[in-house]
């Protein structure tokens, strides 16, 4: 009897990251992970609430935990790491001598302590795992060179997120390697892309994301796999804006890990929302079959490709 | 009993937060107290004199001193009262410094507490009986565990002092960490040139028996009369025949064995001699890599050996050595830094430890002393040294400073500039700790003469960029984030006790701290002793140490062993268990629980009764807590004494 | 052979058969040291034979250095004997166990409550399911089932399993019908623990204030092997004062329970022996429960086992580790 | 002024915890003043009955501390102690004594900080409880007589007012 | 550079930061790991370790008016990196909250964005991206912010036209109670040891 997770889509699912929402639902369905939307969910407060007042932030996030608990659920799944962090922080702050009582007052009730929260990546890694993915693959992503990018919040702060290694996480790599894709060792996988300042300090964000995109290009990545709607929007939507700060000009498709898994599972492209991506992934995806043969000959791993790119570049 | 109570001020150490005069006054009215006073420094000469005089003047038969911890001065005052003609065990201490004055600021509460502790001591003393030590002969042999520089020094000094020495070394050669070093700071003299002669001395000394490739499995007995069980691991070579000619090494077809001596910077053969100056210079086979052991098909070494010394069928051998004292000198190992993900945690071939770098610098190392990158064998242009890896890092459970890394990093930086004059060398440091003789001057030379770039800040990330590595950190003095592209990164990884130190400590019945370092008897006054009589410490097994300190402690431990044996006979601690045969029903519960086998059931005058073997009993008191009749009592810690202490506190 | 013949047969190999014989009145049985065949005819072994004879064994073996000693025992008494064998206080090769299938033991307090006249009775005997008492010119018929000690009602082992015969010990079984087994457990203790801590404290305060320090509980206890050397009456060590203080009385019960930790077989002799009717056995029951929970151990089941407090494991399964 | 301290007795092994307590003193790690320490060679010497004896005699709390398992100076003493003390802790409730009045733990000679934390936490734990309940004779004339039996001199009054 | 008068240290400031963040500031030994790891250092006026140092020195004014605390992306890298286990991100966030409460904000645009965002959440229960962008542009006068993105976002249906309402007023209630209660208060009487 599979467990049913309370599903918290988060505000960006209604706009900028609709395709993350769709592909998450599709992939979970394929993996037999049962999702039930949190009834009448509301905004977690995101970074603005968190930087304003931990009490306000805690109360806004915890309201959704209350909703999930009253529906009889014990674990909330959310695609967005920022929402996830806020929910976990609310539970953590509930024990704080300064903020605990304040959250309770603002919320008007106790913060449910026994609710567990997890990202879609964590649940897929925990419940389905590499074995499960391998069993579901219909169209292997053989030859597709993927750089996995986690961003800042999926594994940090360590004590709160309790997931994977903070500096060198491997869960996304493990899942995608099981699809047959070639997973590159992306050194900046947990660097910040600057998304939370995207609107107000475009200069900063361009510098941060420019470096990420450049490094991915140098490694020869076909796509950058992400698991955060803010990272995706920032790197995809603003890739053009960042171009001015970049050394290479190559466009890199920014895809959700759920989209890549969905493709490998042979799910309908429409269900995965591939059309919603700004940098069109289809050209690189089209090459998958063709490249698979040459990849079979070449020694696996991105190391050699990285060298090739390097040697072509002026020092 | 006529009891004298002496309350010490310890200058202001006690008197600042306890009122010694009030404590003495309260003590004056305690049962059987004939005299009570306060003293400025009870342990100093005038204080001791006052105690001796009071014993005479007031005809005291027992003494309580309220001062510091008995772990500090109990032996001192025992001698004092003995000088005045009392049995040294008619003496008790109340710890009103470490347990009272130093941990609370409320003078009234402290004075009350001190009075209670004195009352407990008085009640205990009233139930003390005079005790007498027994004398027993000693075995004048020393077991030295660990053949690094500290163990070598201890062994040589003991042997020179006329003691027979058994030196046990885990590896196939003595020399320890020092043998792996290229040069030593701050003199930059060749490590093997100064160590080598000492190693040869060990091999040639008639009083030293060396067991290499061996470990101590069990230590039983007691000070003066230990029995050590030593496992000599099979080298699969008859060392009586092996001449160390090295013919087998040259012909061995298995050339990919782990090279532990070279810190895995290179590979070696399955049959090997760790390095040319090894002592003993004998070959041994690593069965994990030997084709004969893996496939059954080989034996080239056996064919080639001119001495016919190869013995594939050899098995481990157990030898038992009788010794009177033990010196533990097991040294250190680098801390496990695989958890340092942001430094690669071992993923990057060109991010190496300082000890690995020593092997690259050493002319006898795998690169013949050429500084090259392990990944591609190219000479590095930029070398970055990072200090305080797994040191001063509470988040990784490693809060302490390892002490010698600042200096060896400076030495390696200087040598790097010597080996590769075109290279650029950066050192990330938090603080430079160089308090030794000529140490800080050496650091200055590294900066001024060798142009080493010191950057004050921690490195927070290393990542690959092509074939190089981006090292990113902070320069807190410049107030900036800094980045440098490096070819080689050398980590000054902190020290922890040698692998297996905890297990050895348990075998030796000594304590260890959370980094596995052995606990000394007193952090300042007994750095060579442990709390187990007859077991001494030398070198880095007690805490990180550089070479001069290790040598000094090795000599110190040897002196301790020589002092111990200077008397010829030893006296036991009479605070041991004692059976009252009249109360014993011979149920045998004490025999079952005694960890030392110090109890037997014997037939005496037609009755069965338990009996204590006095030289074996260590005075733990497990038997006393076990005996339902209270027939077996730990002297000086009897049931009645503990009950009296409890009653002294719970009077109303 | 009937039971008498069996016992006479045993006596041919043993110098003495420790059994029960007639007591001071028809309701009670007393220890009987049967040495001659005709002594066996006096043996009483129905519900009136309540006392554990195990307590007599260690001194008896000590005073009789030769020959074998046979002892009549109910299955619960065998556990005490096994525990004594564990402590090597009786020599197994000189022991003959004569085990009777158990029909339960009378709880004299219940009998007295149901029939106060039994204080001075004329006759008492068992008739089928009833205990018949003639006193004061009247006859009382008491249903046996309701007169048994609570431990007997719950006793899971009225018949001795073969596995529990101590290793190397000669064991002779008598004929007869045993009760049906009870469900065991610690019902009386569990009921007591329902009380609040304050109520428990008050309970002992009240109960122990009635204690007369007669030490009948100790003397009846088969595991009180210290005999004349009990700490309760020693000055060295001086655990207990000579004063009539509730503290000392309660502390003695704690000492007794602690000394029995991992050794008490739950025979119930201490409570039975108490002339003031104080349920001192509750404390031992708690101890047994703890020992069972922590170490999965019950005393007197295996003559070769080591009692748990006389040994240890480096890593204790059921003790949460402290520190670090 | 009323004395706000509780009566807490510590039984410490000489090698580890007594050393740890000394080290805490040397490091000047401030601790509550309630605790009075009885020094034992080893926790293996700790007869569990001392715990009950102290609590019945009027101690509000009893703390036993020894070497960490595996680190006993006598190899095995703390292993025996661990079993015996765990048993006695679980035994207290049947007497109606709050089991929080007794704790046992392990503190090494190097763990000065931990000793401070242990003492502080245990003292707070005892202060959160009411004073230990007493049996009638403990405050009565017998108790006083017992005291007088030992003391030919007037009783020092500095501890009066404890209740 | 200004001379810092060490006598002007504000212990209440240190205590407030410690209580609100739950972090022990004195544990910082200025190794610079936070600065080394911070992705935004290049844009800061003060590197993170200096912020920590100034808190240790009790410099309320300098800390609360710096831009670094507002430019911090709360990416948690410093918190993971700190060898002394200080959650530096929380300290930075705490300073940002205190900066807003004290009216010492140096990066007004960010504060305005934060307010716009929260206003949107308060009104609708959920964040409504076009609405909050409009509000932000209106209040800052930065009318061309990201307008270059609008066409492509519309084409990809990434902008919703109508806000989704949710929460049945419960979110507004949380905000109402928050506004009524005012800034969180700390017990500043207890001296920080």
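Order of writing sets the chain letters: A, B, C, D and E. Residues in each chain are counted from 1.
Here is the rule we go by: a contact is a pair of C-beta atoms (placed from the backbone, for glycine too) under 8 Å apart; a residue touches a chain by one contact, two chains touch by 3 or more.
Only a predicted model underlies this, so the values are computations on that prediction, with no experimental measurement involved.
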Hey, how far apart are chain C and chain D in touch steps, shortest way? 1
Which is the least count of steps on a path of touching chains running from chain A to chain C? 2
Write down the chain pair with more C-beta contact pairs when B-E is set against B-D. B-D
Farthest CA centroid from chain A: chain C
Most distant chain from chain E by Cα centroid: C
Centroid from C-alpha atoms only, then distance chain C to chain E, rounded to Å. What do you get? 75
Dist(centroid_CA(chain A), centroid_CA(chain E)) in Å evaluates to 23
With chain centres defined as C-alpha means, what is the inter-centre distance between chain B and chain C in Å? 55
On a C-alpha centroid basis, what's the spacing between chain A and chain B, in Å? 50
Check each residue of chain D and list the ones that touch at least two other chains. 48, 53, 57, 70, 76, 80, 84
Could you pull out the residues of chain B that touch at least 2 other chains? 342, 514, 593, 626, 639, 643
Multi-chain contact residues (two or more partners), chain E: 42, 77
Chain pairs that touch, all of them, please. A-B, A-E, B-C, B-D, B-E, C-D
Chain B-touching residues of chain A, taken from the complex the two chains share: 165-168, 185, 187-188, 218, 306-307, 310
Residue set of chain B touching chain D in the complex reads 26, 29-31, 69-72, 95, 97-100, 102-106, 109-110, 112-113, 115-117, 120, 502, 505-506, 509, 511-514, 519, 523, 531-532, 575, 593, 595-596, 618-622, 624-626, 634, 637, 639, 642-643, 645-647, 649-652
If we count contacts the way the header does, which residues on chain B are in touch with chain E in the complex? 342, 388, 392-396, 430, 456-461, 472-476, 479-482
For the complex, give me every residue of chain E touching chain A. 19-20, 22, 39-40, 42-43, 71, 73-77, 79-80, 87, 89, 93, 96-97, 100, 107, 109-110, 113-115, 117-118, 121, 125-130, 133, 136, 145-146, 148-149, 152-153, 156-160, 164, 166-168, 170-171, 173-175, 177-178, 181, 183-184, 186
If you look only at chain B, which of its residues touch chain C in the complex? 514, 580, 582-585, 587-589, 592-593, 626, 628-631, 633, 638-640, 643
